[in-house]
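Here's a structure for you.
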Amino acid sequence: MNDPLLDPDRLFSANPREREIARTLYAGIRALPIISPHGHTDPSWFANNDYFPDATKLLLIPDHYLFRMLYSQGIELEELGVPRVDGGAVETDMRKIWHILADHYHLFRGTPSSLWMDHVFHEVFGLEQAFSPDTADEFFDQISASLQTEAYRPRALLDRFNIELIATTEGAVDDLPHHRAMAGTAMSGRVITTFRPDDVVDPEREDFSENLVLLADLTGEDTETWAGYLDALRARRAVFREFGATATDHGHPTAATADLDRAACEQLFARCRAGDVTAEEAELFRAQMLTEMAGMSLEDGMVMQIHAGARRNVNPEVFRKFGRDKGADIPSPTNFIDGLAALLHRYGNESALEIILFTLDETTYARELAPLAGHFPCLRLGPPWWFHDSPEGMLRYRQQVTETAGFYNTAGFNDDTRAFLSIPARHDVARRMDARFLASLVAEGRLRMGDAEALIQDLTGNLVRQAYRLSPA
Amino acid sequence: MNDPLLDPDRLFSANPREREIARTLYAGIRALPIISPHGHTDPSWFANNDYFPDATKLLLIPDHYLFRMLYSQGIELEELGVPRVDGGAVETDMRKIWHILADHYHLFRGTPSSLWMDHVFHEVFGLEQAFSPDTADEFFDQISASLQTEAYRPRALLDRFNIELIATTEGAVDDLPHHRAMAGTAMSGRVITTFRPDDVVDPEREDFSENLVLLADLTGEDTETWAGYLDALRARRAVFREFGATATDHGHPTAATADLDRAACEQLFARCRAGDVTAEEAELFRAQMLTEMAGMSLEDGMVMQIHAGARRNVNPEVFRKFGRDKGADIPSPTNFIDGLAALLHRYGNESALEIILFTLDETTYARELAPLAGHFPCLRLGPPWWFHDSPEGMLRYRQQVTETAGFYNTAGFNDDTRAFLSIPARHDVARRMDARFLASLVAEGRLRMGDAEALIQDLTGNLVRQAYRLSPA
Amino acid sequence: MNDPLLDPDRLFSANPREREIARTLYAGIRALPIISPHGHTDPSWFANNDYFPDATKLLLIPDHYLFRMLYSQGIELEELGVPRVDGGAVETDMRKIWHILADHYHLFRGTPSSLWMDHVFHEVFGLEQAFSPDTADEFFDQISASLQTEAYRPRALLDRFNIELIATTEGAVDDLPHHRAMAGTAMSGRVITTFRPDDVVDPEREDFSENLVLLADLTGEDTETWAGYLDALRARRAVFREFGATATDHGHPTAATADLDRAACEQLFARCRAGDVTAEEAELFRAQMLTEMAGMSLEDGMVMQIHAGARRNVNPEVFRKFGRDKGADIPSPTNFIDGLAALLHRYGNESALEIILFTLDETTYARELAPLAGHFPCLRLGPPWWFHDSPEGMLRYRQQVTETAGFYNTAGFNDDTRAFLSIPARHDVARRMDARFLASLVAEGRLRMGDAEALIQDLTGNLVRQAYRLSPA
């Protein structure tokens, strides 16, 4: 059979009536600008506008979706050129690494990685064959050559991808050099930062004490006291807001929050600073800090994102050799109802507060998250995250969230990616899956077509702008 | 597009073959009488047969599905006329409140509330436009006027809705005045009660001791002793049976059961009476009481319903201001396998006992509930409950329960509602979803059409009658 | 309607395009030989090649899927002829028992048991009517008579079913008499064993100490010491390998693993031998033994299967009267991320090790298992197991596993059955469901047809051979 490289109706239901409705809905939003309010692209790309290197360095080596799958099948990360923490030798022949990907591309059948990669190959680079061992060299050459042209420099791609706004994510002790460099340029307000204080909030990080010192240096506050530490955080939040931040982000292993009194906070902080905490105390400190951050969000208006439930670096050997973000982060059962209780008791009824919740534990969609978001004015649900940012994951999310939380307690799509070239592909998948889901409701008499047409506009643009407090279109 | 207000094929699959089969199956049961063996309608409606008030007071103010969603979007409950515990001022302009609903009706897109409300508007009140800010006044006027006519009085609606039997739910210290008033009338045997002893079984309720006194007054038993307390419960059960009860109902935060010896029960009960229990002891007392109730069900033949896993009143501020049942009840992870062990070890093999299990934790459908119901003779699974009483919830239930428990270990549909006017809508959704599910099995060669035709009759009527020990049709 | 007894398109989507693609994919593998790398058939059947007895003794009495459902509806196991542990009287009139099944066959509507039984009736025995009380005698007679013919003896059925290889499962203290008897015959290499040491690894089994003595007798090792015990296990593994075993199997109540030091192991083992362990210590011992078994698998190359999460014999009365495997095993929530941590820290990066994971807790598919298998080189996911070995279970598995783990970290199908005559039915269901799932991906533009054609070959044969280290076709 002669399948198209990218089926123009991909991801729509095979049912002709649903497909026809989905096409109509999709046509109404397909060309809307991309708003990317949460992600991990490198701000230096947009600040410096340097040419990207070759296909392998851009598309494979930084993409943990790709190399974790290859690793799971017995390919060493060294063979894939993933840099070692100790600077030890890894493969440097980028074409050879590219061939490993081509030789194993069948591993990605049925995964979102292949949807995204095929989109990049065929739409972004205009390649008109299937990626395979036979075409690997041609792909490598053509992609690498394209990347050395004006049209593929970061800012040109921002335009070509029709990205209206993109948020990067920086730690609390990041001095934001690239965002500073963009201030006053055309990038200002288009590339914004996000405040992610995990580096100074998680006492189990190996660099926690060191980061407290940096935090003091950056702010002039005394981070040896609880009050000074909180003021330092306030000061950093203010700086991030200068560089466009409208949101904070919190990546925590659980959804636990706490609401201790001041004396207990001071004692706990002192033990954290001293590096003298048990796992339970570390958890309690992170839990308290979520509530503190919610309080600061009420003060300064920043939207709070909580990404809960990833167990990080569960493969100690890979962590030791290659560091963080190497595909060894695994979801864990996450309890939002007990976890969020302290924060919600304190701030749950504040409609001026906005907290966007993300989960890796899909069992919480219908059981906890939709009922919570369908009651508490401060809560909104983020889109399906990470492993669940996929066609099936999106269907499960809409099917399990909508009936209790509705559409209007959700936040539209996030790509949450460091893979810049895949951003159009990811948003396109989300738009198609929304069109598909709405089409099924219309075809089954559960939603009127006019309402579906309004909804797809809201899901694609308006809800994102509202959720992240961005200017209206 | 010009969608019908209520698609005659709504909720059926868009696949033409499945749709055709579903239509046939639905046609066979669409007109069957409604049996409503579990719910929360107010028995005074049927006893007094008074006219209902206006649209807002009937349809919005008592419906926590509606006002929780509005509250989640920042509308205060006071603005919606929800009465305060302290009698403080709330909005009294019913038309104004009705407009708030109309202005925010888009929040309910894709939710069962909009399916139910649209059914009430178009089928019960014959309104022929879509509900919107533009039609809000007309809807308010026409509904409110209709409610003052004979045809919309409670008993007339019972007839019009073709409700053969409806069970209300009363607490153990309720003297059943409305059911007493109906004794000897045409309502007798048609409106029956259900025994729900949570008020005298949960030592964490604020009114627990007070209720024990009431229980003693009502029964003449000494509720200061364990034996007297149990006898008082027996006595109340007997009274409820006089007023038609065939079932008890137990709303517990977990599925825990216990089987303590008599001395331990006496000690625990004494501490509960004294108000001197930890959370663990309170849980243990509730757990023991489920086993006691199972024992009494074996004595008196009442079916036992266990609704497990709702964490109640998780928003303390809303509870303080507005009391119970205000949309702040959230499901929690529920463990049936450990929870039910004590009760099942004691009574699990009694086929004369019948326990109907309900869950808010869908992960238990395939993992615990279907395997348990597919083995223990005393267990049967109730229909999808509350947040899961919805098209997607019903699909997940059938998909996850049927292959292990079959259809015949389930109990047909419950509407479980206080929203009387939505009862036909809710049963219609269940009938359509059953037709749809069976149609998919037939279309995929997994079930013969003749078996599907028998099944839809059983699901709609026979299984309900059996499960609740009602007279056959 | 006049439905066929077995719809030739059964289990395919009702959507015509998906159905057409599924037919094409299925046609490509429908006739491939069956490889059954894990199951519980009785090796004496193949060793002795005796005639099977009658319909009831072959098809009903040993099948816990069937009798648990009948038991759940109030039929006593004695009435079904299930043998009592105490040798007490049970029904012996096989025709009468057969009629009970026929009278209650409607209980199985929509369950995989009816799919399997109908396949056995119509395909294996050529019966051309529906099974019902009216046809029960004819079915009993025809099946029972057929079983006394050459064509229905075990080895003839192996040929007729096109079973290339079948693995049975034996305990560590089984001397493998039937496999010994088959050595040097045509059955050798076609009927292989699997090493399942639960009987000497679980200190909570009533026969644990007794089994340690048998283990010593069989191996000449001193099983009173930790070192001798481990050597005895090594010795047994070697014997099992002689009789074709390429895999071990471990049925544990949880996924817990441990990595204690030698002294702690010695102490714990001594307490286990003395029968002096708490439930926590017993769990710790089983946990340690999984890690020990992984180490031995690295030594001898046997694939390790972990079947985690069945709570066994939860009905004490049924266990006391009828023993194990009587339908009273219930899934429980299973935590793989914490459970497997110790083993994975020790051996997780060994690509020479292969561990196949099975779960009864479907919530772990997307949350834990797919992410783990999509990273750790030693892990692979087994097919949906037991209660989930069903059309809906298979769909959920593919939908929840594929996007993160891909297809190539899975292991193809296992029938895992003792019901020999249902093996073709079970593999046929799996093949049809794979064809259906792949067809939906193709129809939705998520997979190219050529890739689907390659995949269905891999899923049916190649992945099974790789996963179980069997010779290529």
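Per-chain residue numbering starts at 1, and chain names A, B and C are given in the order in which the chains are listed.
What we mean here is this: a contact is a pair of C-beta atoms (placed from the backbone, for glycine too) under 8 Å apart; a residue touches a chain by one contact, two chains touch by 3 or more.
Every value quoted in this text rests on a predicted model; they were computed, and no experiment measured them.
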item	value
Copies subunit C and subunit B - interface residue numbers shared by over half, same or different	different
Rotation angle superposing subunit A onto its copy subunit C by C-alpha atoms, nearest 5 degrees	120
Centroid distance [mean C-alpha coordinates] between subunit C and subunit B, Å	40
Multi-partner residues of subunit B (each touching 2 or more other chains)	13, 15, 363
Touching residues on subunit B, where the partner in the complex is subunit C	13, 15, 17-18, 335, 337-338, 341, 344-345, 348-349, 351, 363, 366-368, 370-377, 379, 399-400, 402-409, 440-451, 454-455
Complex contacts: residues of subunit A adjacent to subunit C	1, 3-4, 6-7, 9-15, 68-69, 71-74, 106-112, 115, 130, 311, 314-318, 327-333, 360-363, 387-388, 390-393
